Amino acid sequence: MIKRALVLLFLFALGTLFVELLLNYTPDTELNQTGRYYAEHSAQDIGTANITTAIIVTYRGLDTLGEVTVLFLTAAIVGVLLGRGNHKGKSLQRKLPPSGELLTTGSYLLVPLILLLGAYVFINGHLTPGGGFQGGAIIASAILLMLLTDPLRHFSHSLIAAVESISGLFFIGIGVLGIFYAGGFLDNRLLPLGELGALFSAGVIPIIYSFIGLKVGAEFSSMLVNLSETEDT
Amino acid sequence: MITIAMVTGFILILMGLYGALTNPNILRMIVSFTIANTGVNIVLVAVGYIQGRTAPILDEAVPVAEAAARIIDPTPQALVLTAIVIGLGVTTLMLTYAYKLYEMKGTLNIAKFSELKW
Amino acid sequence: MVESLIAVAAALTGIAFLFALLRFIKGPSTFDRVIAFDVLTVISITFIVLSALIEERGIYLDVALVYALLSFLGVIAIARYLEGRF
Amino acid sequence: MIEIMPALTLLFAAAMIGAAFVAIRVKQISIAILAAGLVSLLASVMFLFFAAPDVAMTEAAIGSGLTTFLFFFVLGRVRGDKHD
Amino acid sequence: MTAIGLINRDIVSYSNQCIAIKQYGELLLDTKTRPKNGVRKRAVLFVTLLLFWVMLNGTLAVDSFIVGIVVSLAITILFCSGLSFFTEFRATPQAFIAGILYYIYFFKELIKANFRLAVIVLSPLMPIKPGIVKVRTRLKSRMGRLMLANSITLTPGTLTMEIDGEWLYVHCVTVESTDIDEATAQIVAGFESYLEVMYG
Amino acid sequence: MESLLDITGGVLLVAGAVFLLLGGLGLWRMPDLFNRIQAGAKTTTLGTILILAGAAFLHPEWGFKLLLIGIFLLFTNPLSSQVLARAAHRRNIETSPQTSVDMLADAFSQKATSENDLSEKAGSDKDAEEKS
């Protein structure tokens, strides 16, 4: 009971803090300095219609690199913890009947569409909402639908690892090329900026975002596949 | 509108923390944690919102010349986007640990893990 | 005129949303809650379309696309779990 | 006449708090997970109301399918746990 | 640092990858257990995906079209057993006419059934008599059966629960007859006559 | 002054919202799970499609995306309902007393001998959770 009282006390303190914050908060009516800079300059400097994309890929490109690294580490830790390869042959022996005909046919119909939507989301990341992370999550959702339809489906681990590492390599390679041929690491002006609103615009941002999308999709997929190949304890 | 969202976010944070701190079951602690995570994201997005403005995407509705006067702050959005993706990674990691803990002890009750007592 | 019609539509949809939410909170069995979840996600797509109409931004529809294609995955996941087929 | 967007925001705020309450209080873990998924789906619509379509799309793609599946997966694996 | 790690991993995984591509002739899927699509089905899938791509982009500009071809080709190769709306569609004029008529009939039924259900929901006594009946279908193709089940499900008042061979198990809000042939005539026959021409 | 197109779009929006309301009401009032699926999930599909059509009337340039959303809904929504109904039937959810026939249960009881071990394993552990 004393633990619960402590918890309530802590939450009460936190709540008071929040109320204090809320009472003293005055909403902005104008953009602050950074926001104004991004709003005014990203169209000419970066050439993206979606300013969030400009921030993620170029202005704060190193943060994104760090984020991708964190995801990579997470996927690796999940893989190590679950120890795939130890019971590769055994996992296929689980006795599960297949799902009903409707779900099977429906998933065959929907999976290509989900993959197409994922590709659309990350290729158009500089024009419409979305980008590499969303597209990667959508692609992983397609893998998830396959797993839900048939939990025993076997996926090629080495293919997922290959997609992940190759796209990561190209992401960094493009960033390094930017040091030599453009303004700096992950500078997008390797290619001409093009016209605002066209698909081939904003320099290398669509290419970078495609690689990020493939990488994130492969990372999430490897987490899903690793988890699904664990044994029923 | 900003106030509504901030109040919601704070309430979600408090509820999530309450659940995470009082539940004995590890899986439920993780569920509560995701709720608190969502609350934090809502607060951050609400901070970046400016009344009467629109999304930071330039198209026919928002030409480049008017951008600075019509869009909201894009920086918190970029941060929250990162936070959500990392949140999924963290959740997966926690769930993997929970699975390994269960494999080790055959239970998910936090009181049974006496090595973790402080 | 059109604005007021949109407002009426939003109000009616909001009432439907409340009904589904009540079913979610009350729902005697797990399955009742799952079906309420399904209905809530479908109604949320409506809200996204309505907000796109109010703000007059066509790009919001991309979110509705993702929502329409992915929100059923949660329902299928829980249905498969309850079937005992993982 | 009330403004539409604040009213909708209020509706979604109430729904999220209700769903979070269900998630904290309900006995079955499966419903708690479902309610957490609902919180994140509703949060996605709320992000859209706050003019953040990128964030909304991320939350919709991640919160609905992937998180829910991962939770149910682990829950299915630890099914024999009687010390609930 | 990340770069070096990635390069290391890449070198390690490259040899694995060569083996993987050899081992799994189809890249993503293990196709030993499930039917592979023939060239015609893959072409149909490719065209459908391209159509969806153009609709998603809302433009026929050359650049987006080229990217669409690449993406659709990649998905067609990777996900080789995918279906599309026009897989197994008989490309005859009758089939196209039947398709149009099918959608008209479907929306008519949808609206009619919705009004019927609205009356039930609004009436205070709830005059319902639910039950699960068994009906028969003659359709053989996968897409045709999926479309039939989806049409039955989308019409309020009937809900397909299971397909087992030629039998469909349908939940009805108001059961009108439990006889198999009569129920088939009421629930299935309308959609089936069009779908049979379309998909066979 | 609004054009006829705008008025039609607005009226379609309201009609869709009415169907959504009926769906919500049905979800609240129907006596058992399968009927709730019928009333809830189906009526809302028509409502959403009508609202999409109304939006297409108001903004014709969004037509393709709205059409795609409609197509996706038409294929995902029945799928989830079917899977859910099937799972519920497998778990023997109690039906309302008005239910007259259940031919699927009859069919299953004949087939049950072959599948018995699996359903036992899945059912026994979770029933405790369900009823609590």
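Read from first to last, the chains carry the letters A, B, C, D, E and F; within each, the first residue is number 1.
By definition in this document, a contact is a pair of C-beta atoms (placed from the backbone, for glycine too) under 8 Å apart; a residue touches a chain by one contact, two chains touch by 3 or more.
Since the structure is predicted, the reported quantities are computational estimates derived from the model, not experimental observations.
Trainee: Return the chains shared as contacts by subunit B and subunit C, ordered by label.
Mentor: A, D
Trainee: I need the chain pair with the most C-beta contacts, please.
Mentor: Per-pair contact counts point to C-F as the maximum.
Trainee: Report, in whole Å, the distance between the mean C-alpha point of subunit E and the mean C-alpha point of subunit F.
Mentor: About 17 Å separates the centre of subunit E from that of subunit F.
Trainee: Measure off the straight-line distance from the CA centroid of subunit A to the CA centroid of subunit D, and report it in whole Å.
Mentor: About 19 Å, centre to centre.
Trainee: If you average the Cα atoms of subunit B and of subunit E to get two centres, how far apart are those centres in Å?
Mentor: Each chain's C-alpha centroid was found; their separation is 35 Å.
Trainee: Which integer distance in Å separates the CA centroid of subunit D from that of subunit E?
Mentor: A distance of 28 Å separates the two centres.
Trainee: At least two other chains touched by the same residue of subunit C: list those residues.
Mentor: 6, 10, 17-18, 30, 34, 50, 55-56, 58-60, 62-63, 65-66, 69-71, 73, 76-77, 80, 82, 84-86, in rising order.
Trainee: Note the residues in subunit D that touch 2 or more other chains, in rising order.
Mentor: Residue numbers touching two or more other chains: 5, 21, 28-30, 33, 49, 51, 53-54, 56-58, 61-62, 65-66, 69-70, 73-75, 77-78, 80, 84.
Trainee: Which positions in subunit E touch two or more other chains at once?
Mentor: If we look for residues of subunit E contacting two or more partner chains, we find 52, 56, 149, 160, 162.
Trainee: In their complex, what parts of subunit D are in touch with subunit C?
Mentor: Those residues of subunit D that touch subunit C are 1, 4-5, 7-8, 11-12, 15, 18-19, 21-22, 28, 30-31, 33-35, 37-38, 41-42, 44-45, 48-49, 51, 53, 56-57, 60-61, 64-65, 68-69, 72-73, 75-77.
Trainee: What does subunit D use to touch subunit B in their complex?
Mentor: Interface residues on subunit D, with respect to subunit B: 5-6, 9-10, 13, 16-17, 20-21, 23-24, 29, 32-33, 36, 39-40, 43, 46-47, 49-55, 58-59, 62-63, 66-67, 70-71, 73-75, 77-78, 80-81, 83-84.
Trainee: Would you pull the subunit C residues touching subunit B in the complex into a rising list?
Mentor: 55-60
Trainee: Note which residues of subunit A are touching subunit F in the complex, please.
Mentor: 95, 97, 99-100, 102-103, 106, 109-110, 113
Trainee: Hey, which residues of subunit D end up touching subunit A in the complex?
Mentor: 53-54, 56-58, 61-62, 65-66, 69-70, 73-74, 77-78, 80
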